[in-house]
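Consider the two complexes below, in which chain A is the common component and chain B and chain C are the respective partners.
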Partner chain A sequence: MQRFASALDICGFGWFAPLARLPSSPDRMHELRQFTLRVGLPMIAISTLLFAWHVVATSVQVGGMILPTPALVWDKGVEQVREWREDGVARTAHTALVAKTAADQGMTVNEVKQFMPFQGKRLFVNQIWLSLETVFLGVGVGVLIAIPLGILCGLSGTVFTMANPLIQLFKPVSPLAWFPVVYMIINKAVTSQDPLLPKSLVIAAIVVALCSLWPALVNTANGVANVDKDHRNVARVLNLGWFRTVWSIVLPSAMPAIFTGIRVSLGVGWMVLIAAEMMAVSPGIGGFVWDWYQSSNDIALAYLVLAVIVIGSIGFFLDRLCITIQLLLSRGAIAQVR
Partner chain B sequence: MIRTAILTAAIAASVVAADFTPYERVNPTPDMKKAIANKLELKRPLKFGMIKLTDCAAIVVAKELGYFAAEGIAADVIVQPNWQAVRDNLVNGDLDGSHMLYGHPMGAAIGIGAQADIVVPYNMSINGMGISLSNDVWNRMAAKDPALAKPGYPMPLSAAPLKDIATAYRADGKTLTMFMTYPAGSHNFNLRYWLGSGGVNPGFYDGPQDAKGVTGADVVLQVNPPPQMVSAMNQGNCQGFCVGEPWNMKLTIAEKTGRLAIPSNYVFDGSPDKVFGMTKKFVDANPNTTKAVVRALIRAGHWLDESMDNRRKLAEMLANKDYIGAAPEIIAESITGTLVYGVGADGALDRRPEPQFNVFYKRFASFPLTSHGVWCLTQMRRWGMIAEDKPDAWYQETAAKVFRTDLYRAAFASLQAEGLVKTEDLPEKDGISYPAEAFIDKIAFNPAKPNDYIKQFTIRKP
Partner chain C sequence: MPHQKFLELIKVGKTFRTGGKKPAEILANIDLDIAKGEFVAIIGHSGCGKSTLLSMMAGLEDATEGSICLREHEITGPGPERAVVFQHHSLLPWRTVLGNVMLAVDAVFTREPKAERRARAEKWIEKVGLKEHMWKYPHEISGGMKQRAGIARALSMEPEVLLLDEPFGALDALTRAQLQDEVLRLHAENGLTVFMVTHDIDEAIYCSDRIVMMNVGPRAQIGQILTVPFARPRERISLMESAAFAKVRAACVRFLYDQKWRSAAVVPPVTAPPAPIEVGSAVAPAMAG
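Our next item is the complex of A and B:
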């Protein structure tokens, strides 16, 4: 039971751990009180927010526009899921139609499918998925560049002194500034009619990579530079080669710092992504936000609030995921993470 | 527990958004038999671009009512963020055809922005633009002319008072700024024409590479995408704009932060506006597909001008968030033949009938008249986008290269053979002249004499 409870702690379900410990705990009242506090207090905060939101939305009008209530936003969320389900049904029907057309015309199913592929609606659920793909692609590329560079900077003061001004120069550049640059280059560079990945996705991912690689780089450099002197001396005594030193001494010691960097990068990437998608009109969540914003319809506000909540929840979930991985990689370093 | 209770209460109290009945789709699945019979070159869905403006109607109708499908065309309609993206995406092949401004293909033909061969086999609309002014500018105008303070102020409205207002703005250290949608575009030329007719200089361009066009300007013009016009005015970034619908109605009905000063049909009645552009490369490589596309669009245009009932159905179609997404009642305003100029202090709407505002098919509106192209070039020369004088023949040749009347005529003839369209809807000549009454400044336009025409304007690039 104790192990289950600590596993919950690691996965970010720490608030549930006291309940899991309850059967075996010597002080059951304490565990129960812990659970009430850890679950009850956030619940009170959430309820207060929802209540205040509801009161404001039902009593205040902004220039004749009715603000969406929590219930309306919830409805819109349910509507998105329903549309997603209906889309699945339509897809099945379309497959049947393609098969029938192929039989009628004496063509192969693939020929017909190419001519009339399934044209589903733009679905929010799919858009979330696409956004996740984009952010992982972007941050992945960013991290792959950042970590080797960070290790070099951490190991050698010369490299760091060379790179530092550049890092400081590019770190604060907003995705909105990168976007036009990336857009113009990719638009001209990608000439294929049927590229491997959609152009808008590539543009958004590159913008994400450009903005998110800096935290990983700086953290890696710091982590590597601060590796214990004794550890390095061990490497020297053992007469390890440069590569072995980095691989078996420096990297393991710097791992917590590197992961903190990746975690911050992913957070930055997710924040940047929405802006990048809005400008690239990529069909991700940013595209969803942009579509509704451009529609200039009062009902759009409910969808925009829904998007804000979904974006926040996914950002929170991604962060938890990173913490969990980090904890699994370096148990005992729990205090460091928080 | 508490949360559930609140949610239940909230659901009970929530306001349900106004719904409207869906229209019936005739045939949204492409007809394979027809695709084979039409010998379509491309066995894939065609990608068509549109901007969130009501004059994209023909493309949406052809898709939603199945005119594309009836030709054997599978069509994807993709909303574009701004006119620059429309141009880029068409030229690099991401789009097979698009809702465009007539200035897009004309500008591309003579190297404004960048050179490209875009042709127009179909004209999407005439008229349909509106010039709006902020309440501040309007109040300053009304202080001089009491007629403007009351609903029903007479048309056409003169732009002349803006000159003094611009001076007053400058004295306060501000600039009177008006937004339009694209340099080589309908809204820019319409706004410039109106300002010029009132003796207000909107600024000259110093040749084709000057993207700003503010030399000598009384009023400074800037580019802004259509859906962001209203918020720009609300934030005070501009004091006026020229844009298509539903954005003027969004301003006057929903936001009430400005007035519709003058619809474009009082500036130049019969003015070209949106065209359907395709690349020359596409048209040359896929003649059968092009013909099928134009056939579908002609039928869509015919449907649009057939009855007011169809226009109401159109409003419902366009209100879908995959197209425009604005409230259907705001979209319905102009396309069912009325415009709201503003809202009085008592909340009464100054609504007037404007049947000539949105024309899609009548008055040869869907025919790609070469005179549209010549007029566009005269305005480009007038404002300095074209830096030097050109012979009259150059104007005609350039316009005829872009406005491909042959493609329209071929598609029309085949529809005529099937009895789907009437002969009187096809003009005899490829270009037409406009009488002096068509223009606010009463200067007649004869496409055969573009140089003489340009010389009659008082405000023009020296």
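Our next item is the complex of A and C:
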């Protein structure tokens, strides 16, 4: 039970850890109090916010437009999930139909799909998946560039002095400034009618990569440059070669810093992504926001607020995911979980 | 027996040059011969350059003057024949005890097959009494065990010289005594030559054959070298209760106490050895001068 509780802690469900400890704890009142505090206090804050929102939304009108209440936004969320479920059912039915037609007509499944494509709608839940794909692609590419560069910068003062002005120059550039540059280049460069990945997704991912690689780079360089002096001396006394020193001493001790960098990069990437998708008209969450923003429908505001909440929750979840991975990789947690 | 010098320090000096400021001369004119199998302790006030001297013997820092030779070959860098145990265990926290020792064994015995290297590592871990803990990470074991693991790592390289930089400074008195005994046992069993930096006078007397006492810096030099007149193996309690021990101890304390009152700024070059300290006939005159 203790293990389960620490596993909960690591996964970011530390709130429930006191409940998990409850059966075996010598001081049950203490665990209950802990649980009440850790769950209760955030609940108070959240309900206060919801209440205030509800009051404002029902009493204030902006230029004749009705503001969405929490209940309305919740309904829209439920509606989106229901549509997604129905879409899934329809898709399964369609796949079966295609397979049956193919068997009846003696054609391949792909040939049938040519004249019988699935007429699905653009669904919010699917758009979330697309956004996640884009952000992982973008941040992945960014991190793959940033970590080797960061290691070089951290190991060699010369490389760092060369790279530092460039890092400082490009680090503060907004995604909105990168976007037109990337857009024009990719638009001209990709001429294929049916590219491997949709153009808009590639553009959004590149913008994400350009903005998210800097935190990973700077953190990696810092982590590599600040290896404990005792540990460096160990490497020297053991006469470890360059490669062995980097592999056995430098990288493991820089690992926490590298992971912090990746985590910050993912956070930046997720923020940048929405802007990049809006501008690229990529069918992700950014695209969803853009579509509703363009519509003159009063209900649009409810969808936009829904999008804000979903974006925030996913950002929070991604951050927790990084912390969990980091904790699992760090030595303390390994010992605890085992 | 052919007389070959073992570990020699010849007119060793160290000056730190930091940009802008005037160079700081830490150590000057250190002459010391250490015989094979000898256990030498070095004591002195903080900042007198004891640890710097050890770093130079390890090859982690260069001597700016003079030279340090092992078997008449000048030391120019670190090498596996001179193992170091650092003050802060300096185990790699992401490796188990075994992993930490394997790092050293793998680095030194590159030609041996994997199984033999593993056996070597386990042998040394067993010798320091950590066999049951070899799969643990450094944060899972006590401070004394960490220092044992550090010693196992150093000894697994099968060095000729063991350099100990205040190895037990961070440990409680009981653990410290236990580890001292173990180092003495390993010293006797393996014919090691040991050079130990310490702040602890009792430790220096109990462990070593000779005690090098440093003047205060800057330009610290060897003030006196005291030969410890006790036969080995030594028995802690009876030794520490003996009058002879008290005499040696008093000699060390007097030296350090006198040093404390000498103004650091006006340390004159030692022209004549200070008055001999009477501990039987065990006092060697100061070698610096």
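Here, the second predicted complex is superposed on the first by the 311 of 338 C-alpha atoms of A that agree within 3 Å, B and C clash if a C-alpha of one lies under 4 Å from a C-alpha of the other, contacts with A are read in each partner's own complex, and residues count from 1 in each chain.
Everything that follows uses one rule, which is that a contact is a pair of C-beta atoms (placed from the backbone, for glycine too) under 8 Å apart; a residue touches a chain by one contact, two chains touch by 3 or more.
Remember, it's a predicted structure, so these values are computed and weren't measured experimentally.
*Asks:* Put the two structures on top of each other at chain A: do chain B and chain C fit, or clash?
*Replies:* After superposition on chain A, chain B vs chain C: fit, no clash.
*Asks:* Return first, second, both or neither, reflecting whether A:Val78 touches chain B, chain C, both chains, or no partner chain.
*Replies:* neither
*Asks:* Just to be sure I read the superposition right, which of the two partners does A:Val181 touch: chain B = first, chain C = second, or both, or neither?
*Replies:* Neither: A:Val181 stays clear of chain B and chain C.
*Asks:* Tell me the contact category for A:Ser248 with respect to chain B and chain C: first, second, both or neither.
*Replies:* In the superposed model, A:Ser248 contacts chain C only, not chain B.
*Asks:* Based on the superposed arrangement, let me know which partner A:Lys199 touches: chain B (first), chain C (second), both, or neither?
*Replies:* In the superposition, A:Lys199 contacts chain B only.
*Asks:* A:Ala90 contacts which: chain B (first), chain C (second), both, neither?
*Replies:* So A:Ala90 meets neither chain B nor chain C here.
*Asks:* Quick one: the Cα-centre angle at chain A between chain B and chain C, nearest 10 degrees, please.
*Replies:* 150
*Asks:* Just chain B (first), just chain C (second), both, or neither: which does A:Val234 touch?
*Replies:* Second partner only.
*Asks:* Quick check for you: in the superposed arrangement, does A:Ala45 touch first (chain B), second (chain C), both or neither?
*Replies:* A:Ala45: touches no partner chain.
*Asks:* Which of the two, chain B or chain C, is in touch with more residues of chain A?
*Replies:* B
*Asks:* Does the superposition put A:Val125 against chain B (first), chain C (second), both, or neither?
*Replies:* After superposing on A, A:Val125 lies clear of both chain B and chain C.
*Asks:* On the combined arrangement from the superposition, state the nearest Cα-Cα distance between chain B and chain C in Å.
*Replies:* 45
*Asks:* Overlap of the chain B and chain C footprints on chain A, residue-wise?
*Replies:* On chain A, the chain B and chain C contacts do not overlap at all.
*Asks:* If you look only at chain A, which of its residues touch chain C in the complex?
*Replies:* For this pair, the touching residues of chain A are 228, 230-231, 233-234, 236-240, 244, 248-249, 252-253, 255, 331-332, 335.
*Asks:* Could you pull out which chain A residues touch chain B in their complex?
*Replies:* Touch residues, chain A against chain B: 43, 46-47, 50-51, 54, 58, 63-64, 66, 69-72, 74-75, 97, 101, 104-105, 107, 111-112, 114-117, 119, 121-122, 187-188, 191, 193, 199, 279, 281, 290-300.
*Asks:* Quick check: in the complex, which residue numbers of chain C touch chain A?
*Replies:* Residues in contact with chain A: 58-60, 77-80, 82-84, 86, 88, 90, 92-94, 103-104, 107-108, 137, 139-140, 157.
*Asks:* Note which residues of chain B are touching chain A in the complex, please.
*Replies:* 2-3, 6-7, 9-11, 13-15, 17, 29-30, 32-33, 35-36, 43-45, 52, 74, 76, 79-81, 85, 88, 92-94, 227-228, 230, 247, 250, 254-255, 321-322, 324-327
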